């Protein structure tokens, strides 16, 4: 496989599509998704449950169910430490395994269940080390202790012997992060790492991730449905709906002036921390994300969209349009919507 | 731990008391009695039968008989068989080794085979192997054990002559290979249902575990599928199996009864049938109590072992 | 014999989409190939045992000693004849009536007992619940074959008595399933709401709790049919079953045992019928479990 | 599975019944049944026994011997052990003659053994006989045993005869005398299966009903106790100091295989050397005969298969009903088809080998038309459903036997069809043995029953227990006249037969009595049983005997060629 040019990016996903086999035929969960993430950069992947954001990340990790149950199309180009660039969707499983947990690490939403309940946390971290480094158990445990200390767990030596159920949720997520950092990954995929945590703990974890990113220069793909978190941590943001990217761009413009009605809806659903703007009514988007087996014709968001235009939105599938400042949006009426939104 | 044990002990005593009342009532309230075996002896008179009934204590009120039986039971005197006058406990303990031999072999077979099949089925979920194992297990669960036993005897003992038709050993042989040859067929027959149960449970437990988040974590670490399955999935899936071993004991005992009958295996199950035929109440009650105790000990052990194997459980 | 229930407890999940919960359940059931197979077999069996004996030109009770042990297929006897020269096929079908009837009736009785005990224990909890469930535990302490035989050994065998003793030894698992279900539902909001509105215990139990526990009860009931058919076979095989000349699969097997060498078909056919019927019910139970498990709606 | 024929075909489950003397000290026994085996017997006798006990024989029984105290109440199968472990005063050979066992000579009037009126007895014992533990056997032991049986606290298997013994006097260690309260003809036969236990051990037992003795019984028989594996087998070893011939086998294993089919299979595979008790099932007879190196022979037994009719039930009070049912019975099909022609049709309650057997009874034949006519004549008219009735009594009844006896169940079903043809409705209602032979049978609660009964008192044709009007349990009697048959003439015959020692007078009484029972039909006789026994042809010294069920009574003379 030739080494395609991916500029400075660690990960360059091109036209990724994911389809699952069901008894009624293949169901596409992710459609034609492309994005890049550079070292030291944090890309936020935003969407409601079922929007395809987790599937996208799992596809990059190749942790979706194996073929023929899942069909992966497109490319996910990844630059390794040694500078080689490979397509993660095409490398053999063995090579992929060597990357997982080593150069690409992942942490998950539920720290309660993401740790093996019957294995001591020290061993779980050490296992990650030993899988990719030629070290013995003792060395690996030393490294685990070091990692635990680094993610801010006090009394790390003693904690090595703890079982997950001895630890609080925040502690467990720290353990997960320590495990992910075991081999100094170039890319960390964090799948809703703070969703299950208390608000105060959330903030600590986000801070920790940012600190670690500064230290190591790793790229982070941060998956969340919480736009408040996005504003805090991300450099760029990518919004997904029904398996497609519907809007993406620098975090500032997107958060300030979202072009896609869906993003707007999401933002309205976030309680604002700043009250200076006065009272902003908290609203939720009516309806739910359509099932991938029953996508509406035209724009997938059309049935829930306040700006939907009958005869247009329910007939034509919108493309991903370039708007200003590198911001992209998938809406047939984005300029009209922008105008309407801009009105007081 | 101590309070757990005490609690369990109290519960067990209550359970055993219930078991004994139910068993005693069922046996003694039903028509027929141990005297009918003597009734047909020529010259047996009603007076003599009444005399025997009196000597056996069968003519006293039932609650009194129960009370006497229980109060002797707790002192370790389980009474004497009506048939051969041997102490019940001695009779039963004489039969237990044979039953244990059969049960342990069967359970070992069942655990080995069942766990393997279950794990493979879960790992290759939806494969042809998995489908075959699923259907096979369901059929195995539906085959009447005694019928399967008869068919095995017909094929392997009668037609092919490879295995003995029954019994635990050839009298006067006593070599290991002789015991082993006798053990094969009944152990396999008894294990059939258990293999099916274990493979289904194991498959289910594996699937449960495989769908859990920490398996994804393990994969994300870059572990090979084999390590993921063995080190993470399998270990966790084994935990509920310990409980199963405890829960399956009554089924296994019941299966042993039928298997022992078909293969004329001199164990507790056949003793039960024989004693039932003769209305040998003390022995029948003794067996019911022993099996209840075994079941209770089994579930207690299962709980303790579970606690030992699973750091989340504290007794 | 608890094994049947056990096995089905852990069958592969399938997920599908649909509209109403009921049609979704039916959709799931339809897609469960084994369950559909089982349903087909049982339908055919029921049809055959009802109409088969009317069509076949043989009297299941007519003894014809000149044609004993005719091997199948011979003399128009598709499955051969038995030790008294009776047509084996027609006897198998007549036996099927008995075995299936016992299976169904025992299911109904044990489901009634089990459900009553389970609902009561689950709803009231506390002392009543503890006592009831301790009794369940105590009965479960006996291997069910032991209890079955202990009862059968003393009772004059008839369809009714056999049904009752099978039911008497088979209600405990239903009770456990129901009790667990009810206990889980007990503190749900809608029940608490009903109680706050002043609904009586009985009303809550029968109108609110029971319908919500219907799924597990239906599954347990189906598996109980399978178990009851097996139990009848065990009891008959050990000599305590249905009286001659009435045939049941169990007593046909019992009688065939001694002809295993000379007339093996006498043992093979009833054994296959039992296996087929029991397997089918287990398959159905399995499919129902998948179909009625609402959790499987979730993706 | 758990076969129960001991209580079913063999209504006399009792121990004492097992040695059925064909003739009381006489040679009148009809020995025709020995004919077919003559050639084989000759061959068996051709070899010579080994100089010292060698080899073992495995005897397969379908029931388990469990009572090792021969005087306690026990069942038939237990005696397989007694014959080899213990001794009686004398035995009975297959020809029906008494032969000395513990006595030095059989007492007769001529040698002064007993007085002409049968009241005074003098027994002379063999000198030098020792118990297995080395203690000498003496006349004190005999006295102790008879007194033990008489002890009211002791649960004796059989007290009949022994109860009449008075004034036992030990004259010397080898001689004793006693007096009988009244003459009792069957007593010598009873003594032939009264096995003795050692006084010196029993004196130390706290409770003679629950002796420790049974764990390691000590006797004077040809084999000594080795071990019992409950539920599996009992091992006996040769007793070199045995006072009689042999033993030639080093070990005798009595193996318990509860399933007749499995038992046969094990005989087939060679695991078992001899099948006794219930033998090989009739359906396997043809197949078994073809086995190499096996001798398979039908052996007549004293059991008579009957339909017992409870005369206490209104439907059976009418002799016409009993006669009609008898004529409508397809005996031939039962015997030839269902029982493979092994048993012999009979009209009597006695086995045809008995000296008291009456061969001149009227012969039944299958004649449904005659049966219908008898019923028509007696006023039994068919109702709307075809079932006959008379005076409001429907010709409808149940028939019971032990559940699980498959062959008999087949016969029941055939009879059901036979009787349906003449308008009698019979319903099969089989019961577990413990119910069937409990009050249901003893207190005459059944309608009709299909039973195999040995009506004799052991070898003696006295059937008082089954036919005397004082023996009706349901009417407070002490016996087993469960058909509630009351006939003053029969009572008279029975009284005459039991009290006289004159053989000719006894025979006349019993011949007449058989006529009466054939006429009154309290039981519908079907056939006399034959058991198919199988033995390896290399086993020598083996001699079948009509009067025993498991022919290990003479295992002391067995050896391997």
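Lettered A, B, C and D in written order, each chain numbered from 1.
Rule of thumb we're sticking to: a residue touches a chain if its C-beta (ideal position, glycine included) is under 8 Å from a C-beta of that chain, and two chains touch if they have at least 3 such contacts.
What you see is a predicted model; the values in this text were computed from it and never measured.
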{"item": "Result of counting contacting C-beta pairs for A-B and B-D, higher pair", "value": "B-D"}
{"item": "Most central chain, Cα average position", "value": "B"}
{"item": "Farthest chain (mean CA position) relative to chain B", "value": "A"}
{"item": "Intercentroid distance (Cα basis), chain D paired with chain B, Å", "value": "39"}
{"item": "Centre-of-Cα separation between chain B and chain A, whole angstrom", "value": "53"}
{"item": "Distance between chain centroids, defined by C-alpha means - chain A, chain D (Å)", "value": "91"}
{"item": "Distance from chain D to chain C - Cα centre to Cα centre, in angstrom", "value": "46"}
{"item": "Junction residues of chain D - those touching two or more other chains", "value": "1-2, 432, 434-435"}
{"item": "Where chain A touches two or more other chains, by residue", "value": "none"}
{"item": "Chain B, residues touching no fewer than two other chains", "value": "31-32, 153, 158, 261, 273, 276-277"}
{"item": "Chain C-touching residues of chain B, taken from the complex the two chains share", "value": "11, 14-15, 18-19, 22-23, 26-27, 30-32, 125-126, 130, 134-135, 137-139, 141-144, 146-147, 150-151, 153-154, 158, 193, 196-197, 200-201, 203-205, 207, 250-255, 257-258, 261, 272-273, 276-277, 284, 287-288, 291-292, 295-296"}
{"item": "Residue ranges of chain A touching chain B (in the complex, touch as defined)", "value": "61, 63, 97-102, 105-106, 108, 110, 113-119, 127-128, 131-132, 163, 165, 176, 179-180, 182"}
{"item": "Touching residues (chain side chain C, partner chain D) in the complex", "value": "61-63, 65, 68, 83-84, 152-154, 156-157, 237-240, 243-245, 254-255, 257-262"}
{"item": "Complex contacts: residues of chain B adjacent to chain A", "value": "212-214, 216-224, 227, 231-232, 235-236, 239, 309-312"}
{"item": "Touching residues on chain B, where the partner in the complex is chain D", "value": "31-49, 51-52, 55, 80-81, 83-86, 91, 94-95, 98, 153, 157-158, 161, 164-168, 170-172, 261-264, 266-267, 270-271, 273-274, 276-279"}
